[in-house]
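Labels A, B, C and D are assigned to the chains in the order they are written; within every chain, residues are numbered from 1.
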Amino acid sequence: MTLSVKHRVQLFASWSDTLGPTVEVELPEGARVAELLATLEAQAKSKSIKPLPRPSVAVNHRYAKPDTVLAVGDEIAIIPPVAGG
Amino acid sequence: MTLSVKHRVQLFASWSDTLGPTVEVELPEGARVAELLATLEAQAKSKSIKPLPRPSVAVNHRYAKPDTVLAVGDEIAIIPPVAGG
Amino acid sequence: MRIALVDHPLDPTALLAEVADVGSGASTLFVGTVRRTNQGRAVTGIDYSAYAPMAEAEMQRIAEEAAAKFGCTHLVIEHRLGTLLLGEASIAIAVSHERRGAAMDAQRYVIEEFKARVPIWKREHYVDGDRAWVDNAGGAVPAEPDASVGDSTGR
Amino acid sequence: MRIALVDHPLDPTALLAEVADVGSGASTLFVGTVRRTNQGRAVTGIDYSAYAPMAEAEMQRIAEEAAAKFGCTHLVIEHRLGTLLLGEASIAIAVSHERRGAAMDAQRYVIEEFKARVPIWKREHYVDGDRAWVDNAGGAVPAEPDASVGDSTGR
């Protein structure tokens, strides 16, 4: 039996418009960034007819790779294409 | 017999220190920038023990090539290495 | 070296004064401003919002990278959040350096990395009342009509 | 587009305001200042002099070249003449452009061409009382002790 972990995820810009500023995502313990993103992309698809731009994922204020393992207490954020400057 | 022309030449920076802010140089009619420069370099050599930096020559507010022919009424200037900015 | 997200108008002159140093022969200032048109659409204003703690961390990392690459410790980066009108400054980057080449290299490095990496978003307001999220790669996503405006200082 | 030789302190902020335009998304300012040391010698000040009519003509040509190469018409170049103290600005170049890359390219083009071409000279004053003509290629010629100071606005 696999334990599951609830991750609180912050969202921004078009992703926040569609799913709200924060969501909770339940994933198996040891899940990776790629799984989190796949889960949220499925949710977004069911809520928005317009495709959302592919985001990056940040863990603890740094861009994370798809194979980064998510740990309890990580600060996780969905980063749509940025537009500062 | 060759006619000669007196050219008034402006000098700047180390060249002005050595030969004064203006000099008159008498050259054969149709003389070129290279001849003017050779004449002034000889004068500078006789007046200064320190070698002066090789200058450019400007004619009518533009850098001139060594083979540019000098005409009566040209505004001629000796341009030591520049240092603006 | 200093970075900041601010919610008031930028003062680029103050930034230039902040980096001034008698050991530096060259200072550069870059200012990004809200432009009248973007990709052919008439713009009336822009909302800038940020994921503030990460934006500040990323700005700090970029400043440290520039210091390491170009040897410039006199570097200030400020970005404004909130609603900006036409012509108002969204970003100001001031650098001073003993050598002008390094100052200009650092300026360009900072603005290019900033545009690519710092988690800040802009929603443009158009003359026709429409709004859209616009990104630095040229993408545009129409904003949801009923979308709440994010807290511009991050959340 | 405007160029000028001036005999009063430069106001870089005013130049930045002068090039501002709601059609421009990026502005850059370059400021050159009198540095404390040059090639290891402690500097107390600099006399800048020019062959003024040609310097102005050359500055105008450089501005026009930058406009043609980078499409920037919002461009101002000012250089100060006379005696400048430590930290004072000798040159200010302000550019604004729709695109930041072109603004930065124009800035770099103008300062590099200016340093190579505009007939302006500087004589540095050193802490030990010595003075020397210094050029942008790194050459230095001791000034004649009794040399008269050239009219800083050209002759």
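Assorted remarks:
Operating definition for what follows: contacts are C-beta pairs under 8 Å (C-beta built on N, C-alpha and C of every residue); 3 or more make two chains touch, one makes a residue touch a chain.
Please read these numbers as outputs of a predicted model, since none were measured by experiment.
Taking each chain's centre as the mean of its CA atoms, A is the chain most distant from chain D.
Rounded to whole angstrom units, the spacing between the C-alpha centres of chain B and chain D is 25. Inter-chain spacing, taken between the CA centroids of chain A and chain D, is 51 Å. Work out the mean CA point of chain C and of chain D, and you get 27 Å between them. Multi-chain contact residues of chain C, defined as those touching 2 or more other chains: 32, 100, 111.
Annotation for chain B: residues touching 2 or more other chains are 85. Per the contact rule defined earlier, chains pair up in contact as A-C, B-D, C-D. Considering their complex, residues 10, 12-14, 16-18, 21, 50, 52-53, 58, 61-63, 75, 77, 79-85 of chain B touch chain D. Those residues of chain D lying in contact with chain C across their complex are 12-13, 16, 20, 22-37, 86-87, 98, 100, 104, 107-108, 111. The touching residues of chain D, when paired with chain B in their complex, are 32, 48-51, 53-55, 57-58, 79, 90-91, 111, 114-123, 133-137, 139, 141-144, 147, 150, 155.
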